[in-house]
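Two complexes come next, and they have one chain in common, subunit A, joined by subunit B in the first and subunit C in the second.
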Partner chain A sequence: MSDDKKYGAYICTGCGLGERLDSTAQTNVASRDGKMGVVREHGFLCNAEGVQLIRDDLASGEVSHVVIAACSRRAKTEAFAFDDVAMARANLREGVIWSQPDGDEARETTQEMAEDYVRMACAEIKFMATPQGDPVSDTSRRILVVGGGVSGMTSALETARAGYDVTIVEKSATLGGHAATLQTRIPQQAPYREPEPSGVDELIAAIEAEARIEVRLNAALTSTDGAPGRFEVEIGTESGSTASERFGAIVMATGYTDYDMANLPELGAGKSPDVVDQAGFEALVKAADGGPIQCPTNGREAKHVVFVQCAGQRSDQEGHLPYCSGHCCLTSIRQAMHAQEAGASATVLFSDLRTPGAAGEDFYRAGQECGVTFCKGTVSEVLPGDDDLEVRYNDLILDEQTSLRADLVVLATGMVPNSGVDIDTIAAEENEEADGVAAGAEGTAQENTVTIPVESILNLKYRQGPDVPQLKHGFADSHFICFPYESRRTGIYPTGPVRRPMDMQQAQEDATGAALKAIQAVEGAALGRAAHPRSGDLSFPSFRKEGCTQCKRCTVECPFGAIDEDEQSYPLFNSSRCRRCGTCMGACPVRVISFENYSVETVGQQLKIVEIPDEFEEKPRVLILACENDAYPALDMAGMTGQHYSPYVRIIPVRCLGSVNLIWVTDALNNGYDGVLLMGCKKGDNYQCHFVKGSELAHERISKVDETLKTLSLEPERVLTHEVAITDIQRIPEIINDYMKTIEKIGLSPFKF
Partner chain B sequence: MSDMNAATVTRYRDDFLKEVEANVEEGDWVKMCMQCGVCSGSCPLGPHWEHPPQELFMMIRANKREEVLSSASMWYCTSCYNCLVRCPREVPITHIMHGLAHYAERLGLAPKELPTRKFSKIFWKNLSSSGHANETSLALKLYFMNGFGEGIKKAIEMLPVGLGMLRAKRMNPFGLFAHKGCTDKKGLNAILDKAREIELAKAAKYQA
Partner chain C sequence: MTDVVATNQTILVVGGGISGLTAALEAAECGKQVILVEKGPSVGGRVTQLYKYFPKLCFPTCGLEINLRRLKANRNLRVLTMAEVTAIDGEAGDYRVAVKLAPRHVNDNCTACGDCADAVEAEFDNEFDFGMGQRKGAYLPFNMAWPQRYVLDPRLIGTPDADKAKAACKADAIDLDMVEETVEMKVGAVIWATGWKPYDAGKIQPYGHGRFTNVVTNMEFERMLDPFGPTDGKIVRPSDGKAPTNIAFIQCAGSRDRNHLEHCSRICCMASLKQTTYVREQFADDVTSTIYYIDIRAIDRIDDFYRDVQADPNVKFIKSKVANITEDRDSHGLLLHGVDTEGYHRYSNPHDLVVLATGMEPSVPAGQVPGPVTGDEHGFVAADGAIFGAGCASEALDVNRAVQNATAAALRAIQVVNRVAATESRDV
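So, the complex of A and B:
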């Protein structure tokens, strides 16, 4: 096989590379050290002539594997796009001449840097193959929408109008969800002054008129298996019958449940029927049918209605929701307007009135103008009296305890997402049970927490659990900033309030986004292409069965649940679920997992080929493994903005810090590097990691290296991990230069030969 | 005056906000306050007010009628217009402050010993009697606003300034007696009487 490989290196001398670097020396390095069959220099490699030079060699069969020693791999990707050709790039422009000072003093170290990068690219290419892709053969292009509320219906309509067949599975007997119970909605159109008709009837009519949409009511998913392009879903109906269907992607629009106001006895819930939540008030408005609103206790007219904002939410009290549900202030304004219209006087007691979205301030103003009284205060108690209620509150402006009388109190309780089972809790409980701890402690821990009906929604047959992973407070986990729709289960797109609290308009926008992502997932699966963030990537992980010890670490650590296990506990890769981060590869203790163009070897060989100067030269070497999503672009941009960093570092981009296998760190130290820096994205609850858990796992693994370093009598500073954002363009050279000072302080590595 | 007060109290027993809307200049803006507190933070005299504008608005909504109308706070307003310019809701706060003060005065609830109140009364009398402000007379009245002794003291203190103004011909001492005023004083008085009549009639509407 290796005989078929013909290597060619192309060295560019444009963009000042020719003036700053000795290209003849690089040519020698490429042919002598790099063993490249063909080595050519060109003064402007990315122009038509330069690219043709490479194409000619590829066409004549003289070259099959290409090394380009020019600019960063992030630059000129259109020019250097050769189909079915493995390519490695040596970053001589951003990574060397732009990040190093010009001048005679720096010439030698700059040249060394360039030559090392050429060597590294030549070493990498030897272990690279063109990814063949693993397309799903009989892709289903049908989209499944779980939930028939506003989000679900919008998603279904958008998908259908884009030309895809859709099935809506709705648990209840009607479409419409929460929105169907509303009298009106928060206005979505200028001038945002009056409540609008909810628009749900039109949505339902549109769904019924759309031939591509099939609706299954009173139905739920009893089992979901497979991967994008080939989800096998069992849909169970109330009567007990099930139907097996095949879908390409799933939109999870399962919405929310109203927070149970029974948790709020201090606010009068359960003590008087005249204390209702927003849904309850909606029903009263409906019952009044344009007339005066009647109190549930005795049917008297509600003359004074008090709205209590943030009831049981934005509170750190146990059993309350810690977050803001986002729509309740506007909903209360809308309902207060109904109350005013019905002849009552409405007072809204708020601590912060938050009116996000298009209607926002205008609607708030309209509420004030129509006479709703807004009072900044926090309600401490609602006491039922003989013929009305007493609302006690702390007026935050006048700073006094006071109270007012009301006939009807409306509690603005929040949204609890219907995201199914929290698989992390299940995993934790299983662990506890295994440790034998949980036996007697039942109940005490859970007594005061929010109890959400936990019934699985998707019933996934994945090894990792039956539902999509959650981040916080039960909301589905997704990369909040960069790709909000991509859940941690590829091909399954949570949308609407199951993703984060939102109002109807936001949910509709969100649902449209999720519909487009679902279509993308189906089409991507058909071509074997990855979803975000490595969208379009054809490579996928495979493993060498002979070496596998069935340790299951890859299946456990995969942030996306892409790997199942077979009966013998060998990993079963589902390539269309895979996001190609390489976390499995970094996790594998026996290093049997690899991608065609990214493996333990492609990086390992690069770091081994770097020339390590002996200790008398006093030139340290530091290996930087930089995440290609944030850290590597930041390094490139540092070069572009003319910031200089130490010439003693050698930088290798990695797909994610999660893909860093500890063998690389060990090899680097054994080869005489003086230090290893890992640069990845922010981890934790507010993570920025593009693969959600990769950075966190890397930190975890590296934290365990300290012990090993001590046994080798090496300082723990030799291996450090940094969180770097793409905007850290100024900070990143500082990190490097500070680290070089640290190395100077602790001295060179004792492992130099 | 106190009769009028008694009448309005009955009329607006429970809703001071409506009373303010009906009787106070720009009073219908009070409900539009969103309690951000930018006005209170912008007021150069803010720290000296017992109740800065944000609080006054809240007190109005909370039916604290007596406290608001007998408060000295709005009398502290110097009409710098900082609050009005900065209010995100574009509430004409300065106007409302003066409106409140004026309404309190009409009801006889304004605190008696406030220098700004005294000044306002002296100034209005001075201006409305002739149609032009008689500066010399106004200055003298202000000197003696707080009693004879205080007035003499103030006059001696200001002597160098007065002499300087005389020398620079910026002050005519005979103006005190020979103040001309506007040509049609009768007409002016008729206008002011009419205005007062309209205002009282407007207030009377709410006294039923």
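So, the complex of A and C:
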């Protein structure tokens, strides 16, 4: 601790704090126990006058580090906003007077609570520094777009139009991707009645005319290293040459591969050339060039065309796609219109026709009006006959098995994302090898997922593997409904059908959004600011090399693959990849990782300064480490809505349960706490942890505490982890109060002094 | 007088729901100056009225908390609540905008202590609960409302309650003399993200919403699940407050229908599937759900959610557009009449709670936007016009897609202000 830190504590007596609490006693605690140089009380700290009081002390140099003992850190943030000043807040309003009953009986325990929170804030501030940020020096603002299909081209154009340079790397010899093979596209403009020109030529022309865009064809990424603002990428070409380039962020628009219809022999695939997929039909329309559509077998005119929806999709059958590809209903309508126009009659067999929105429904109606027959039925078989094909199906309306004759059958098969290597499978296999046991329980979602032979797309030199982690069914999507672009690799944004199945319009919109995220990543890196969800955070982790045992836990557990290893297995932090959750800090067994304003000390000192009553007082103490994203707001709202909970708990917010270092738990037990509760977000398949794995890792780590408890002869109930949600405003107080009954049952800790 | 600093390099976002919040935050986090204008007293919008999101069954306020933290931390973003844009003149890069600010009668001294709410007596229908419950005349719209400041209902002004509220406030936050004002500002780009409103179920005459007590909309059903909502979190029959036994969900209520909304609102199938999980969560095997549908649109990779619900033995699917509903006046039980198109059977099925899956219509139809927008015949605002439509103002979208769409809109706005910046630096 350097001497230039000057501490000031400001104790608010507004909002009933003055009436419910003894502020003089708090002042004494702050100066005596908290060793604050300046301690001031104010009747209304968040109003202009109260804030000015603090500002004056800061301006005069009398105070450099501020403790605010008032409302929750989530309240009145606009009033208590002091630039470049370290600040700790003691939550006396929501956390004390609002969560405790009023009245003489509760007065003593309420006051003890408040005094402890003042002590804790004073302890915390001593170990806090103002984060200085770690801006990327010489930030590259150039954006790399991988993939030259519609998504990639759109991302590139939109990025360039915002004033940024872009390079497109496309593995084939031309731009355009799948869309280049299309005759038309689903309409994107009102009144959504007719197929529109695909627009691909215009897109390519726009790319060629845009001075900010450079295109590399027949090229792929052979190596990607670095971090947002400073990605070092090797671009290899077919001829074998490579070029090293620096980029600020990456948009991954690698699209999809058509599902292989050879998996569908029951639908006639491979048995007759007159059974085609949507891409095959597109080629026939193109070949017809406005004339009649000809059957591939013998060139006769296709008079009856049947479209089979959901072919090999929405099915749990092995080899099928478990999902809906989203665009195929609209695509079949568009293709059926072409068939009708060419003089054929078109029938669409579907189980649920999915034409969402205003555009979708208008186009569906247009299809009906131009004479396309829509029939609700599930196709069981397509049988090649002598002259034509027999489509056997269950007519769901008439509830009967029936059949149709067709000259041409179009199977609406789906999209398989080009998401590269599934790094989670690799990691699981490695674990399996390392542990010599099946990794089974983790469930890497491989079952029933159609995989195509893959090569890595990004060839990331990251410690955790060469590509972006995948979500369900192989899509490189974000797991978050509210935050669709939160990939688990900062500065790399999958977009278009590699992210989720989608049609062209969706892909273009998605690609525009991804372009924004890429630009944002670059601008954030240049200032040293964290990306979502701690957007703008300037703190970043650093480690003390001399203490490090090279155990690699931090590099393995980082949910964002932000930490690499050097040759000696020391961690190499990449702050612009880091999301500041502190999972590395929680993982570290020797506690050498810390942030300027969040560390083993900022929390550890708080829990140690709490006054632990001796065993004769019969006042237990329970430490709650609460996730600041969900559990802590729920606790605040419990106070706001008058839910009361035990006065014996002391709550410390943490960035994520993943940041909880076991030393806090053992320190608490050794200091005489009677129990420790961890409250974090839901884990598992539908996890709600904002840092992906934090909650799960905390559960895992705590499960290992049981051993320690046994050796200390402590009951396993002394340390519990709960999954809670931000809506558990009534449930969390119940959890707390139930836990106090448990403590009563098992008795106070034997470790009181 | 409210002072708003803005230039033609400022981005104006109209609407503080999840789309508007997202567009504003994403642009601000790119370093742009943003003004967010919200008509209501707090940000968060329609999603704050929902219990859970499909398909993860997670809670909307979880994402809101993150967005609020982003908002609080970002100095580039200025939020005006109870503010309505009344005029937008000019062109991209150079707009003049008029914003009408309604009086909140509570200034920023407010600490949200709640003393004013305790002091006043008058209660009004709670719009947050679609009038299913009452709220005080001085109120915080919901637990996570931000700005965390109370509101005085304008109907209180001039009544003794207003004086009681003022007297109760120790923070000197209540200003009964606050009046409506209009501020004018210059901005470079405008994102129109005014969202959606539920289609008026009363217009679907044969379904009896408003006449039959036990016919509710899907949004009203959502409000029942809020522990702080009108039924304390319980699914009940409004007629007697008791648990239902046999719930019907009617899909496309007023959607995909030439007499009502022609479009498909995209979300309602998933919303009803999701709501059957609420029923299971609350009643286990004791209550059945029946979904009357035309097509189940569980689009793209969330189709497995549909299959999971299909596997629930307590959920039945009937392919039918329900013709009409009749009510037994004594028991308030309901009979749904129609034809099951799978096999063509006529039915008259009894249910004791009916949930109408009503669709979305734009809150502000394109024709009523006070500025240069491109609209379609359904009233949606084009995403790529002079003013950028975003979220459900531009198309019926689920949350995930609305956020995606709003992020794209933010970039379109940035392109405009970056162009302005480039031109101005050239001119200097």
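Here, the second predicted complex is superposed on the first by the 711 of 753 C-alpha atoms of A that agree within 3 Å, B and C clash if a C-alpha of one lies under 4 Å from a C-alpha of the other, contacts with A are read in each partner's own complex, and residues count from 1 in each chain.
The rule is simple: contacts are C-beta pairs under 8 Å (C-beta built on N, C-alpha and C of every residue); 3 or more make two chains touch, one makes a residue touch a chain.
Not measured: the values here are computed from a predicted model.
Superposition model on subunit A: subunit B and subunit C are shown in a clashing arrangement. With both structures placed on the common chain, the touch criterion links A:Gly326 to subunit C but leaves subunit B unconnected. Set against each other, subunit B and subunit C differ in how many residues of subunit A they touch, and the higher count belongs to C. By the touch criterion defined above, A:Leu353 lies against subunit B and subunit C together after alignment on the C-alpha atoms of chain A.
Once the two complexes are overlaid on the shared chain, A:Ser535 sits against subunit C while remaining clear of subunit B.
In the superposition on chain A, A:Ile397 contacts both subunit B and subunit C. In the superposed model, A:Gly16 lies in contact with subunit C only, and not with subunit B. By the touch criterion defined above, A:Ala211 reaches neither subunit B nor subunit C.
Legend: residue contacts after superposition of the two complexes on their common chain; A:Ala262 is shown touching neither subunit B nor subunit C.
Shared-chain residue A:Ile519: touches subunit C; no touch with subunit B. In the overlay built on the shared chain, the residue A:Arg161 is in contact with subunit C alone; subunit B does not reach it. On subunit A, the patch touched by subunit B and the patch touched by subunit C overlap at residues 353, 365, 376, 397-398.
Touching subunit A in their complex are the following residues of subunit B: 17, 31-32, 34-35, 54-55, 58-59, 61-62, 89. By the touch criterion stated above, subunit A contacts subunit C in their complex at residues 14-16, 44, 46-47, 71, 75-78, 158, 161-163, 190-191, 314, 316, 322-326, 350, 352-362, 365, 376, 396-399, 472-473, 475, 477, 479-485, 500-502, 506, 509-510, 512-513, 515-517, 519-520, 523-524, 532-533, 535-536, 629-630, 633, 637, 640-641, 681-682, 686, 688, 690, 725-727, 729-730. Contacts from subunit A toward subunit B in the complex involve residues 353, 364-365, 368-369, 371, 373-376, 395, 397-398, 402. Listed in rising order, the residues of subunit C touching subunit A in the complex are 18, 25-26, 29-31, 53, 56-67, 69-70, 72-74, 108-109, 111-114, 143-144, 148, 170-172, 227-228, 256, 262-266, 295-304, 307, 319, 341-344, 376-378, 380, 382-383, 395-397, 399-401, 403-405, 407-408, 410-412, 414-415, 418-419, 422.
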